[in-house]
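Presented below are the structures under discussion, each in the form of structure tokens.
First chain A sits with chain B, and in the next complex the same chain sits with chain C.
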Partner chain A sequence: MNTPTPLMPDSAATAATAAATDNAAAIATAARGIRVDALDYEPGVTRHGSRHQPNIYDAKVENPFSQAIVELGELARSWNLERIEHLVVHEGRRAVWGGAAWDSPLLRATDTIPASIMELWRKESHRSERIAEDTFHIPSEFCSMIKTMIGRWHTKRDDPIKRILAFSSGCEPMSMVIEHARNIGYEVYTLEGVTAFKVGEGLENRAKFLAAELRKASVWLQGKPVDEDRLSAEIRLKNAALKKVARILDLRLKRPFDIGSIEVMWLLGGSSGYFGNPGKYFEILDRLLAELEEAAKTPETRPSLPLILAGGPPGGLSFFQLLEKADAVLVGFVLLGTSLYREDMPPLESLAHYLFESQLRGELGEATGASALLRRRGIEALIEKTGARGLISSAITACPYASLVQQLERNHFRKQGFPIVALEHTVHNDPTTEEQTMKIKAFLEQLSESF
Partner chain B sequence: MKYKAQDIIASGEWTYGPAWPVVGLDIGSRGSKGVLLVNDEVFTAFIPTGLYMQETADELLRRLLEETGLQRSDTAFIVGTGYGRISLKYDDIPYQVVTEISCHAMGAHAVLPGTRTIIDIGGQDSKAIKIDPRTGKVVEFVMNDKCAAGTGRFLEKAAVLLGIELDELGPIALESKDPAPVSSQCVVFAESEMISLRARGERNNDLEARANIAAGVHLSAARRVNNLLGRIGIEPGLAFTGGVSNNPGMWQVLETLLKSKFQVPGIDLIYAGALGAAVYAGRHAAASPKIAAKYHARPFVREKTAAAGPIAANASEVEFDNSLAC
Partner chain C sequence: MPPTPARWNSTTASPADRPPDPPAPPRKIQTPKSKLQTTKSTTSTATTSAATASANSAADSATDSATNSAAAAPDILRPEQFSAFIQAEQKALIDALGVRKAAYLCNYTPLELLNAAGVRHARLFKGGSSAQTAAGELFTQSIFCDFTKSCIGGFEQGDPFYKAFDKVYNFHTCATMKRATEVIELFTPTRLLNLPKLRDSGDSRNFFHSEILQFRDDLVELAGRPVTDDAVRAEIIVYNKLRLLLRKFSELRKRANPPLTGRAFLDIARAYYYVEPRKLLPICERLCKHYETLPASPPSPGQRQIRLMVAGSIMADGDRRILDIVENELGARVVIEDHCAGARPFYHTIPETGDPCLALANGYLDQSPCARQRPLSDAIDFSARLAQDYNVDGVLYIFLKFCACYGVSQKDFIARFHQLGLPVLALSNDYSESDRGQLLTRIEAFLDVIREKQTNLATHEHTHTLDA
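What follows is the complex of A and B.
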């Protein structure tokens, strides 16, 4: 056996050993105490007994129907904040916070990577929340999304992504967070909020106004107005992706167990930015589509319980696991739709119209001014299309907008005799609480034929 | 306690009696309830919930079997429900867990067939449940989340602050002529209000002040439950279940607030969850050819005939096993 070469002189090694011993003793002492800043979940690390779970974009599929699903998961896991920051630092790419939803074609057409706001709580959400509570004295009862945003932007204020593309919306706390971000050094561009709840007269003027706002934003993003031909191409690309996803969702109604609800979230989530790799994303879509077209020739005979999710899913995986154990399948997602952009008008106005139509359907959430009242239309359309038997109306705890939406939906669907459960959750990747578990299970029992 | 099923049902025929003994165990946050059904007989047992849910469940099962003269191996099926249901595990008896929402609905439906709306107030949460009176299935429900307001814990805290036992709180509240204003529905803030009210009480009307505070606390908790019920609406055929349902103060103040009378059952509706669980256990057992084959091969035999009447007059008289204490 070779004797290892000493890396330092003996005296230094002795001192280092003593220091290491001190450190070990300090760590041992600290380990006996109460940890006030426990680590959050790290993707790829499984800690048995931990209450932390992977984010849905960091989950792994068990017994996948297709290799394409496995690769979709790998693609989703690979596209995260660390990757985007790496591209900014090492490849000189431009990135901003925001712009990863309805406006994604504009970002791609200006060579700007959108870092989804959801990345703010994909990791370190508990730590960020504690910073919001301890440093900024935000009450613990307040909305976890807002707290996580303020805490995470605070800790990342010296990191590579220093610009935020914001949309002026009806969420006042969100405006407060963005204002705070501006104060601590972020460069913020706010698109003037426009709503189109009154269809008809004035709509075209509003579309022109928002198109002008988007053009100004493109100057902010890249120093010159967006190339509209390129933007049109990006809109066509996104429409192509949305059509494929929509077809997959339709086929899934015949084969509900082939693609899980989390995987559908990946498909929908990926349709905006293609997880940074449009070639791979489209290749996966095509393979999946071909396999499902074939599989759907033999429709599934095992009964399933089709449900609609209005609002975002609770963080963590146990919500999805509870559904899967009961053969319940999410067949409709109100937050993320598959509606197409218009291709018969100038591209900036197409983006504007897409936003207005989403607002009218109640899609995309309050951050883009979606209508609380009109969300029911989207839900009703989904019920009719999918044959769903129940609605999970999901909201972040302490969000006044979402609790109002839930109450409106409860009243409306109760009158219709359509089963609904209102679920509150946080943005953290935690297992469902006992109360949440009971609500979901009781709702599934309510809808089950065997009860 | 032992009941004849026909004596506890408000109307109609008892159709839930299984051919083989089945058990429902409702492991609540404060108290655990068990019901054993066999043919037209209903047996109940109650013990405080201990630290270990499985031990609590085993003790409940032991008491029920002792009362009926049956062996553990005679039990055809167990359904567990309540806060502790997730901890239950049996290797020797077929079992299933069902949420307390479904079980309370079925339990109330079994004994009060006209029930359409249920208020269930337990130790740590409260729920409003709408049910289909034809089937006992849940149609809609709402529950409070992460808040002790309007729960048994709220009342328990108040009793401690007033220096009385929990089961005295309701009767004392009924003596009040002028409920004290406890405006907050938050337990912590309400506690501060109660401390202020108690400090203001004069020595010579101490009992009156105590009754008024107790009544104010009931009113505050009831308002919270009323808000909950407002979300799903009340339909006639109102039942009050859960641990707090045997608190006469809460019963009275809720009836006043809701302007509706609760149906009066022939069994204490703290057992509604366990009874509903037992009904579900009976259905599971009936649907299982394996269980039928077992009992055809070896019918169950009682070692003794259970005497009618209570083994304890009420829950508080049940001997508390200290080994189960928190």
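What follows is the complex of A and C.
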């Protein structure tokens, strides 16, 4: 790792400084020497005076240890809806909503840009939620995610991305708002739902069926079946990325402060679509690996509080700030898939098996029909591997499925005597609520005392 | 001025002026076999192949066993008697020894296979109790639909009926029921199976066929005996007859003066989920024939009750709160339901020829769909058609809180009813007991709106006639 001096480019540093001066929204986390600037954010909820915050993918994090991390942040910020729409309009690229997770190799192999569903709440999320309730009569009890999805689709219905790739194994609220999108003019292609409920139950037959469904989807995407050789290459590429990210996370266990938890979220977030620039993404991964391999020879001696986050980050940037202030580090993430795609079988079936393995590990969330009961096994494995001392189980407010998983985990880990805190959050870029802050702080204090 | 609501009208508020209980049917009991043959003649006209003849032969032998079953069947003369009958059946299931027992959660489960496997089976769909709901909430937190909480709650409370089953099956309808099934696994072995969403896709149908074969194989293992194609065909014929019969019950309510209340129909319909079909058939045939012979006289002037349709989420076994408000307190009549514990499951017929498991796959996907299925327009079209066929004056669109299938899609359903000129009251429901007063007020106001609309229409027509 480099010496701990700020390595932000001059121009960016100047801009950040100016913004911090001009904008009362600048957030500083002095404890770690890491600064988060709230640039390019949409005005959101104001709490405790004047705090606003950007989406974590729009945040600027000043990392004093690695230029590669700084560039990763720039890459993450550059890959957004505006950029994708620009590519569609000005470069004739093809893009659809969805397809940015387990199925991302298929999208890349069909020259289709997957616009992540998360882009739908990266901006204008509060307005989108209002539209969902007012225009589409979505009952208030449903989650902010599905509301922002349909609300944003509504406001963007005349914009360039007019196609949606849907997967039927996802939750019903999501499926139902996609029907609303269909009604306002989006072209929807629905992949039939296939779920692996238990290990060994008819998986081969289901994999063959799902592979055929994916082949049909590729025709919808590009007008002809996917080139399977190319798909195999994309699978190998994604496996390579997943392996590098996994290695980085392993090395980070020895140097937990060198890469902050937000930056790990960027790493994970980029592992499916490489932020539209695989060359740059892989270059960054390689540099990070080299830096960490070297740094890991001198393990960090300052004590840290290792934690696991299951679910999305609750409270966005403020959540990460709270952790950093307490020297808490997220060392395990139960969010994306952790297995590799199989390379010993036809590529479409490999995608199917990857999905099934993820479902059976409780990974990838309700959007793909993940198991509720089995997620905890993955968490237990992570605890074993990372030495984590606590679990933050996070769910989107009003998501029945995540809440059930959360409750099961709470019951299970309490019986095991392993500390767990259950948090709820929305998809909005709001600071943590008072309740969230209080719960996180209390949890961290409790762990610190026992530590 | 709109007519006075029935419950405030001294001439109509008394129990005597509620829908009259039908006179008891004649006590002479025909043999179930002759009854079955009568019904079979209706369905067998559509079946011509040799394979069907073979299946009918199997059904005849089934009918013989029905004769034996009917010997133990009670003499049910009124829908209200079904409650005691079902309770006895539930107890018999709990007490039954030497037989495997399987429960299921959803109407997309092919009952024909359960019966062909020789397992005792029943649907787990009790609901409406806040205590049972609260028990389920220990696992789900509050933000879950109360029906699924109740499914879990039955196990958590140790309900002997729920505990009686060796295995619980669920075809993956909604994510909520899937999650509930995963929790039930903590109490009883479960098996989840895929239910395709795309009912128009041939590939999806083939996939469903393969899932049904897995279901069959699992049942073979559970029951410890083979399930033959002939046995499945025989069950298809029996269940087709039963569904047709229950549809006939429902269609009695198309009459201007329906002989059945909405509650009475649900009392009969719930037996479908608890009682062995060969035992239920003769009972229902007797009762249905009796109702059919009643004169279809129009209501007396001024006595016409408002005809309502209930559409939306499941109205579980025990969830009668809104129905009681509508029919008992406010004097309106639910003449049709479009939900999965009402008339909807009886609007499909399984093909009686060919590969029986393929027939089940096609037949169950062709059934009047849950809103979870695609295209959604099929579910909306079916609901609209029911509303028209039953000549309803308005629709109560009731969705359980957190039921995405019917909550998130309410706008589309309601828009279609409005296109038909039907007033709609959307109610977000749960099994709590605290909002009864609010429900009463809202439904009463809704009925006033319907009456006002009818009065205005009548006045307009009268004026138009005078002008002419």
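The rule is short, and it goes like this: the second predicted complex is superposed on the first by the 388 of 451 C-alpha atoms of A that agree within 3 Å, B and C clash if a C-alpha of one lies under 4 Å from a C-alpha of the other, contacts with A are read in each partner's own complex, and residues count from 1 in each chain.
Criterion: contacts are C-beta pairs under 8 Å (C-beta built on N, C-alpha and C of every residue); 3 or more make two chains touch, one makes a residue touch a chain.
Given the structure is predicted, the values throughout are model-derived calculations rather than measurements.
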Touching partner for A:404 - first (chain B), second (chain C), both, neither: second
First (chain B), second (chain C), both or neither touched by A:139: second
Chain B versus chain C as contact partner of A:419, first or second or both or neither: first
Partner chain in contact with A:179 - chain B first, chain C second, else both or neither: second
Touched partner set for A:257, first chain B, second chain C, both or neither: neither
Greater chain A contact set [chain C / chain B]: C
Chain B versus chain C as contact partner of A:434, first or second or both or neither: first
Intersection of chain A interface sets (partners chain B, chain C): 407
Contact footprint of chain A on chain B as seen in their complex: 83, 86, 98-102, 125, 137-143, 145-146, 231-233, 280
Chain C-facing residues of chain A, complex: 136-139, 141-142, 146, 168, 170-173, 175-177, 179-180, 183, 190, 192-195, 197-198, 201-202, 205-206, 209, 212-213, 216, 366, 369, 371-373, 398-401, 403-404, 406-408, 411
Chain C to chain A touching residues, read off their complex: 138-141, 143-145, 172, 174-176, 178-179, 182-183, 185-186, 191-194, 196-198, 201, 203-204, 206-207, 210-211, 214, 371-372, 374, 376, 399, 401-402, 404-405, 407-412, 414, 428
Chain B partner contacts - residues on chain A that touch it in the complex: 397, 407, 410, 414, 419-422, 424, 433-435, 438-439, 441-442, 445-446, 451
